[in-house]
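Have a look at these structures, which come just after this line.
The following pair of complexes shares a single chain, subunit A, combined with subunit B in the former and subunit C in the latter.
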Partner chain A sequence: MQTSTSWRSFRMAAWLGWVIESNWTDPFLFAVYSIVKPISGAAILVIMYGIISQGNYDSALFPYIYLGNAFYIYVGAVMTGVSWAVVDDREHYKTLKYMYIAPIYIPLYLLGRGVARFITGSIAVFITIAAGLLFLNVKINFAEVDWLLFFVTLFVGVVMLALLGLLLAGITLTVARHEGFIGEATAGALYIFSGAIFPLDVLPEWLRPVGYFMPTTYWLELLRRSLVGDVAQAFPTLANFSNMEILGVLLALSVFFGTVSIYVFRWCDARARELGLIDRTTNY
Partner chain B sequence: MSASLAIETKDLGRIYKLRGSKKETRKELVALQGVNLTVERGELFGLLGPNGAGKTTLIKVLTTLLSPTSGWARVAGADVHAEPDLVRPRINMVSGGESSGYGLLTVRENLWMFSQFYGVPSKEANERIEALLEMVGLKDRMNTKSSDLSTGLRQKMNIVRGFLTEPEVLFLDEPTLGLDVGAMRDVRKFILDWLKADKERTLLLTTHYMAEAEELCDRVAIINKGKVLACDKPSVLKQRLQKDALFEIQVSPLNGLTQQHLLDQPEVTKAAISETETGAKLSLSLVEESALARVINLFTQKDVKVMNLTKREPTLEDVFVDLVGRSMAEEEEHGQP
Partner chain C sequence: MDSLKPDNIAALRPYSRKDTGWRLFLKTIIARAYPRIIGQQREVSWLVFDVIMPMLAVISYVLVYRALNAPEEYIGFVVMGGAMTAFWMNILWSMSSQLYWEKEQGNLALYIMAPNSMMAILLGMALGGMLATAMRAIAVTLLGMFMFGVTYTVSSYLQLFLVFMLAMVALYGMGMMMASAFLLFGREAWHMANLAQEPIFLASGFYFPIKSLPFWVAAGASIIPLTLGMDAMRQLVFPTGFQFGFMSVQLEIIILSVLSVVFVVTAKILLAYIEKIAVREGRITESRR
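Entry: the complex of A and B
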């Protein structure tokens, strides 16, 4: 595969994704939606927390939940952003077959389509955290933030999520119905098993290994530690592991899941060609 | 494979496994069966057949979208199944009767984006886009969002998308489907002009419009139920029927007169009946003109009145009837699964 083919597949897909993502309505409504949606999502969680904890917003659990929920926005955005491109192009725009016969590298095309969702996801994460700092007493001491760890972790995690998105895109290719729900269903399932809003110790013992096997668990833990180290370390789940050890686990699991994703996508791609599903529209 | 061949298939087959309910055993649909075709470079080759004949399946296989279940196919010298990455830069495809494209993008943006996927330099792409849009009469809508175009104009945009990348082999799957008469004429002229501009360009066209195939194609393969029944120049295919006298007869309601009654006449070699608002239209092939008198006599016995009678030259439709035993319309109605 030539570098120029790979780059042009990714670059043009990113451009297309951004045009679609940012032009579905007028700029003002797009800006309002981009602000209101993440704040509404966070507000639901904050109200639920407030009721359950009887207003104890000073507990370490609050920033744990708040930041976990904020960064979890990336999981849905990036993973679904990549896999949804299959549904969008095949069912809505009926262009997937034209992409397939073009001299591009389809996995990079799909990853490129996810870039726009990464950007809008980043805006949502930023707004959610800013709202927490300004209005909900979430405390981040910026002088003590480990920025290197934060950006390295963020980068590794986003690449990992994009590759998981590729896995879902492969499955989506081979499914003719209900494929639109695959991304959301997976993101929903991972929400429980990634320690996003509660430590894994809360889960029944027999379910915890699922969480330990998920790279998102280590990713969220490191993001919290890089921003509010002492709060995150107060929870016992991964307390015995250093930042570097957790980063090592995150990298290892990312490589493992990334490799699996690429092979699964290739298999699904070949299977879709065998079954004639590349241009199958269902109007379902 | 000869260097002069743009497309070659050998015993190409495709079987779909149809999934039924759990209790039901899986059924198989034979979409292509033992297809052997060769298309020379520079040729405009037509695939002619009714809906469901296997034309689109063949195009899907040739454009690397679908794997064959038997045999092989080469396009521009490369195996479509084993070497799709070698095939794709050399081909393009347009499917008719669909409104594909990104509605949020303008016509120019849609076309420019696809040109970039094929690595056409941006400046050159813009020049080609303007020239092609001018040719199809869409230049004044260049900056219109494609969602705001009518179906016909959107189809024209898609046709430009196919030609824009200057493919060695272009596949047009029912390109005029759903277009009005004027737009059809524009598209056919555009296709011929494009081919004339470069003798190396090859075009494979599928259609179920007989006139379109006759007007455009150097050679035609007649396909039905996944099999190629005949393949030659339209004039050669029609010659096989020259010995027969062909009549088209408009009659009053049939009063029980059936196709079998007509075929029972020893001089009638082919008969096709299609219902009309006022009665029926019969297409008859007779061994000699004088046999017409006996057919008219049969009408009289059945109290069927002749409204109009025309003797005509054979068409590809007649070739189809000769090969299959019924018209394409009848085949679409009764013959497909």
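Entry: the complex of A and C
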């Protein structure tokens, strides 16, 4: 019974999220929307790189930046997908209180709501990488790609991000709606500590430990290694670690952050119930 | 007896004839800004999500240039661009798409019923959000100075002041134009506002000199006031900034003056026109879920 409730909560939330995300316009505009945003984000970095390197896209730093940025799209998408569902349901559709009294499991409902953003995020990642391959000299030899490592890493990372999204959803329950998206703001802030677009060695020394503590650092490193192995050797940050060692660290940190996320969500959820925040709207 | 308290008697007074014209306009701005400013005092979590976290995102772009061993000017360019994003986000989320929220919450109909100007309502929203916007812009600027040693050498304070003010007038005029379009939007309002982030950061050269883009792309992007505003300010506050200028500062001041007039006048006309359409088509109170 518990399993069926959990599965039903997740499945229906995923479907609901997809409908909300995709049916606001016609498929053409939706496709344009899905393409323009990520390509623009990548183009900012490409132009920055191009100006300084004077168009030398053969350096190992370029695929490092480009692939790191491409996969980082997942961070904003998944974390925002899960956490924004709280604002969307509570303040926009005003249905969160009904969800709370329905026979569903709220954490899994929120995780399910994030699936739609995961799907649109996957499209954005695919398009960004395809544009890099076609137009920007990003070289991936598909015969040499470690697919098993790639998919295992991707799966672990997405689960980890979803749980971090749950943590943010908990925080969202206890705060008012402000100007931006909490998920995207957090993803923007973590950008600096994840080695997404520059090696961690560039960070001031006192900030590097934060980067080593972030699971996204190891996640992005493994994704890069699985696609373009030689990029890893060009930067000393994690060069002394084998793939399995990094995967082990990623799993350990994912379990740690996942556990923290669940407890934080429970605490925030209880606090939101106590303070009567489940149906509050921000009207300023 | 309660009904005879002085406050209640004041509330029963007839509508003051003095509250018309500019007086009403200014009072409306203050009235709309007031709840936003008070709301921000009541819960300060916005400091984390709207000031500190975006500040960290700007650092990332600075460190990309550091990783590439870019000249120091570029660090200053990114810091200025990062500070100016606050104003773009303000018109996007606190002004344009806010009308959609107001519609969903039921306030929009009240705004239109009340004998005040919608432009004043929009300016009040912007003014109310200015606390967060200014804090974010100042925080990023100070971060650039103290963490990355960015130095500002202003060649002309008068021109800098003029450029900034004209860019703001044109930008908020543009924001009001966009808000009128958002009156007609349903759920797509969110997505349109979301879509106007990265593509604008790219086209307007928030993180690199606009001169780096092909001429016609840069010229097209100049329709967004921040494009020329930032280009001019970079020329005025960084000693070597003029080398990266897209146009001369004087020409940019003239174009920004024209944009200011065009956007503000068009916004007034569009707001009245779109409001009429929205009323006629019954979109003021609709809630397309």
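In this section, the second predicted complex is superposed on the first by the 278 of 284 C-alpha atoms of A that agree within 3 Å, B and C clash if a C-alpha of one lies under 4 Å from a C-alpha of the other, contacts with A are read in each partner's own complex, and residues count from 1 in each chain.
The working rule: a residue touches a chain if its C-beta (ideal position, glycine included) is under 8 Å from a C-beta of that chain, and two chains touch if they have at least 3 such contacts.
Since the model is a prediction, treat every value here as computed from it, not as a measurement.
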First, second, both or neither for A:189, with subunit B first and subunit C second: second
First (subunit B), second (subunit C), both or neither touched by A:93: both
Touched partner set for A:139, first subunit B, second subunit C, both or neither: neither
Touching partner for A:12 - first (subunit B), second (subunit C), both, neither: first
Subunit B versus subunit C, judged by how many residues of subunit A each one touches: C
Partner chain(s) touched by A:52 [first = subunit B, second = subunit C, both, neither]: second
First (subunit B), second (subunit C), both or neither touched by A:266: neither
First (subunit B), second (subunit C), both or neither touched by A:104: first
First (subunit B), second (subunit C), both or neither touched by A:202: second
Touching partner for A:24 - first (subunit B), second (subunit C), both, neither: both
On subunit A, the residue positions that both subunit B and subunit C contact, one per complex: 20, 24, 93
Interface residues, subunit B side, partner subunit A - complex: 16, 57, 60, 63-67, 85, 88-89, 91-93, 95, 98-105, 109, 113-114, 116-119, 161
Touching residues on subunit A, where the partner in the complex is subunit B: 1, 4-5, 8-9, 12, 15-16, 19-20, 23-24, 93-95, 97-104, 270, 273-274, 276, 278-279
Residues of subunit A defined as touching subunit C within the complex: 20, 24-25, 33, 36-38, 40-41, 43-45, 47-53, 61, 65, 92-93, 175-176, 178-180, 182, 185-186, 188-189, 191-192, 196-199, 202-203, 281-284
Partner subunit A, residues of subunit C touching it in the complex: 35-36, 38-40, 43, 45-46, 49-50, 52-54, 56-57, 59-61, 63-70, 74, 89-90, 93-94, 104-105, 107, 128-129, 132, 186-188, 191, 194-195, 197-199, 201-202, 206-209, 212-213, 289
